[in-house]
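Here you go, one structure.
Letters A, B, C and D mark the chains as written, and numbering starts fresh at 1 in each.
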Amino acid sequence: MNRTAIADQMIYAMSREIQDNDTVLHGISSPLPILAMSLARRTHAPDMAYVSGAEGVDPDIDRIYLSSFDPRQNRNAVGYFGLQEAFDLAQQGRLKVMFLGAAQIDRHGNTNLTVIGSIEKPKVQLPGGAASAFLMPITPKVVIWTTRHSNRTFVEEVDFVTGQGYNHRSEEQMKNEMTIVSNLGVMNFRNPDRVMQIQSYHPGHSIEEIREKTGFELRVADDVSETAAPGPEIIDLIRSMDPDEIRVSEFG
Amino acid sequence: MKKVLSSLSDAAKLVKDGDVVTTGGASFNRAPMELLRELIRQGRRELVLIDREPAIDFDILIGAGCVARVRAGLLAFELLGFAPNFRKKTESGEVITKEGACQPIMTGFRAAAMGIPSLTVRGMLGSDLLAITETLGSQREVEDPFTGEKLIAVRAIEPDVAIIHVHEADEHGNSRIEGPHYEDVTKAKAAKTVIVTAEKIVATDEFRKNPAATSIPHFLVDAVVEAPDGAYPCSCFNRYDVDYDHIREYIAAVNNDRFGEYLDEHVYKRIGA
Amino acid sequence: MKKVLSSLSDAAKLVKDGDVVTTGGASFNRAPMELLRELIRQGRRELVLIDREPAIDFDILIGAGCVARVRAGLLAFELLGFAPNFRKKTESGEVITKEGACQPIMTGFRAAAMGIPSLTVRGMLGSDLLAITETLGSQREVEDPFTGEKLIAVRAIEPDVAIIHVHEADEHGNSRIEGPHYEDVTKAKAAKTVIVTAEKIVATDEFRKNPAATSIPHFLVDAVVEAPDGAYPCSCFNRYDVDYDHIREYIAAVNNDRFGEYLDEHVYKRIGA
Amino acid sequence: MNRTAIADQMIYAMSREIQDNDTVLHGISSPLPILAMSLARRTHAPDMAYVSGAEGVDPDIDRIYLSSFDPRQNRNAVGYFGLQEAFDLAQQGRLKVMFLGAAQIDRHGNTNLTVIGSIEKPKVQLPGGAASAFLMPITPKVVIWTTRHSNRTFVEEVDFVTGQGYNHRSEEQMKNEMTIVSNLGVMNFRNPDRVMQIQSYHPGHSIEEIREKTGFELRVADDVSETAAPGPEIIDLIRSMDPDEIRVSEFG
């Protein structure tokens, strides 16, 4: 698959994590979430509430930009809702779905967006965790997306816990459901041990490939299957929302 | 209403070496670039910069040697990659950054804006960031006095100066922002000193005609400066868009050790212009 | 966006006997009177009413026997004197009121709107009101975890229902308020259920044309009802002013033991109208 | 003096409590504060910030109404600023002057707006304390106004402390300056004991009359004098701001 096709597959899988009536937020550097949210709203979730990182409520996306806060992405919004307000919704438990990134993720769902190496002597100073530390424990559905499924991303142990996973000291807070959508498949933690398992592999990929490119022993869900592929009308829809193919930049 | 209309140069002098400074806007949008360029020209040093998700605004000050420390939720150039000066100087240890979570920073501003010494948040509890911020004294675990729920108390952040770029202002500092406001109103309330740069200075009567459009009332503002294109190369909604090509040039300049030339071209040569 | 357009009668049914209810507006301005009259017609009982500075909105419900308790910063008819039903029924013990400070009530709403269990305020420390609210469990003295300063923690107030009258809304609940907003947006965020009554239901496109004018976004609203003159006899800024003569009539009715007639004339006779 | 003249005298005295550059707020049922603020802004304090209980910033007052929150009183305002925001200013120490009422006040400046009689068995259930409990300890200048100077208002001990005076347990908070403007004179607490003293008596009234109508031993300031009377241009200005004589309603 070329990068556009992988992007479209991921966007489609991510959109299916949204249910109708959900209130959904995206953050910074988030072309795939923006397109997934907009796709969901135009297909199976017309009643969802879309809150944009650029502060628009339910905008019509017909073009996206290199900044996910670019205010042009608020076209036709019905109102503004600030990030501070959206975070209040999250504290109330009303923000149902959030999309978050990760430079590293481990089998328990801990994510690192802070530093590669140690915090005292960084090998790579990452840009910062943004909303992860705050939202991961309190958001009912967290969708982590990564375009780089490899054993450098899916690691035995994260160098730094930016966003907490299921094995952490405050696990009483972790009543959420976490899904990971990568360029290879969809993973989740729907087992009694709350450890990562393959839920589906994207067309053209396999359980074996995913396990091989994962830095720890990855379980397989009992009902594992191939990820549903986007049909041509979905692909057309995505294309219409991102004519400049900004979504491919995430695979840079 | 007091008159607080000022020149770029005089307004920039309200920022002192070592001050804690926050900037308006978010990422590449409505950052107060013109005032920041003036700070570079004036050779400001040892600034402590705080914001939720800044970008080239912080990076250019870092690159020009104005900055000692950074507190940010995330500092990057979005899909264009790392913030190049930030990455260089944090990895070399020249600039110190320790945090990396948006909510505590927004909450710190909000506590200061509300006039209380701290404010609690949910979430955060399992993050390694917490231990760092507890050491720094900016966050700590507490229990709610009524419910006993474990929460994180975030210490108020009262910047010495907030620098905010707006669409229109009058000579008293009344200011209008169009489109997303980000945390700019909160920052204006939180900071000890507020500098507003505006695309255009308009008559006070313009504000009286539509008071609902006023974002920041005059009494929060200490200096206001007319600065057309004052957010460039960042966007100013309804006026101009981000110049992504300029930002690519900037990144290339840093990465090819030509940042001095970039500053000569885009910052210093403007002296007296 | 979900459609939540409703009838006055169905919307009023979202309020249950015994619910904790707050109303939009302040004093004689933009109170959701039409919806409250419907609650009276439907015979709602044992309500607990909370607001900063209500007036005839609370008083009419009290007079009609709908109310068990009131929490308000101040409940009066401004220069027209005491709130007549409130005064009668609190002095007779039929309605209970214990507080009387605006900031804890606004702060309680704000804490709920922010999704945290409590929020601190300054001031209040020397007031006898504090002992009362400490007994009630709505406030208590705490120390700031960073500075040690003595503050009052105010427990979040999450009303079962907020009823808010606005200028324009669409069928999804997007709402516009013109002029003073009071705490209406905070209340809409704080309450479990939000009922909006609007002078006029307009097309969603009207909101898309000017998103900056949207006060309450659709996803906070559970039911929206078209109610022209819905604040009468209170004001609705830019639409109609307070009818002070009507309010004088109301006071005279209560004071002359003709409040039943007032209700017959102005509330019950409207059934089916 | 007729009631209009007394109102004008009080408004003038109240306006002189405002200094240029002060940020000033009024609350509910406040025709005299509204007119005092507006008068100050039009005379000696053009740079003050006027925040109205109706949420307007620096409105031009040309008519007032029976509700102090009547939005018509926001004519020509340059912006809106909510009460919640104004209270935040107060917590920051930036709200310099607040006007507050009182049904009872004692020699230490404790005020009662809650109940006459006991809270358990009220003789008169008062409307409630509004902002007093909150603002009295933290606002640098509190101006209490009352149109009913008698020993029922100025009492030996208030029935209930709504707003704290200088003798209270949290006196460390009471760094403010409190002034009382009544229909008879101006009182303050500028002495080492922080007890009420007469600073000035309005024209036509006297120290003796004020002391007689006060329910406790009232001190007299060393520099006591007659209150400055409003000149004709001031009276014209007040009249132009309140052509309906709403200000007289306070003497009802």
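Keep in mind that, in the parts below, a residue touches a chain if its C-beta (ideal position, glycine included) is under 8 Å from a C-beta of that chain, and two chains touch if they have at least 3 such contacts.
Please read all numbers here as calculations on a predicted model, not as lab measurements.
Participant: Using the touch definition from the top, list the chains contacting both subunit B and subunit C.
Facilitator: The shared contacts of subunit B and subunit C, listed by label, come to A, D.
Participant: So which has more C-beta pairs touching, A-C or C-D?
Facilitator: More C-beta contacts join the chains of C-D.
Participant: Using CA atom averages as chain centres, what separation in Å is found between subunit A and subunit B?
Facilitator: Measuring from centre to centre gives 28 Å for this pair.
Participant: Could you tell me the distance, in whole angstrom, between the mean C-alpha positions of subunit B and subunit D?
Facilitator: Computed from C-alpha means, the inter-chain centre distance equals 40 Å.
Participant: Which residues belonging to subunit A are in contact with no fewer than two other chains?
Facilitator: 56, 74, 80, 90-91
Participant: Can you list the residues of subunit B that touch 2 or more other chains?
Facilitator: In subunit B, the residues touching two or more other chains are 115-116, 121-122, 179, 212.
Participant: What topology does the chain contact graph adopt: line, ring, star, complete, or other?
Facilitator: other
Participant: Which chain pairs here would you call touching?
Facilitator: Chain pairs that touch: A-B, A-C, B-C, B-D, C-D.
Participant: Going by the contact rule at the top, pick out the subunit B residues touching subunit D in the complex.
Facilitator: Where subunit B meets subunit D, its residues are 1-2, 112-116, 170, 172, 174, 189, 204, 207-208, 211-212, 214, 217-219.
Participant: Enumerate the contact residues on subunit D facing subunit B in the complex.
Facilitator: Counting only subunit D, the residues touching subunit B are 21, 23, 46-47, 49, 56-58, 74, 76-81, 85, 88-94.
Participant: Which residues of subunit B touch subunit A once you look at their complex with the stated criterion?
Facilitator: Residue positions touching the partner: 26-29, 52-53, 55, 72-76, 78-83, 86-87, 90-91, 97-104, 106, 110, 121-130, 132, 150, 179-183, 186, 235, 237, 241-242, 244.
Participant: Which bits of subunit B are touching subunit C when the two form their complex?
Facilitator: Subunit B reaches subunit C through residues 115-122, 137, 140, 142, 144-147, 149, 151, 153, 155, 178-179, 212-213.
Participant: Quick check on the complex: what are the subunit A residues that touch subunit B?
Facilitator: Answer in residue numbers: 28-29, 31, 54-56, 65-72, 74, 80, 82-84, 87, 90-91, 113-114, 119, 122, 124-138, 160-165, 168-171, 173-174, 246, 249-250, 252.
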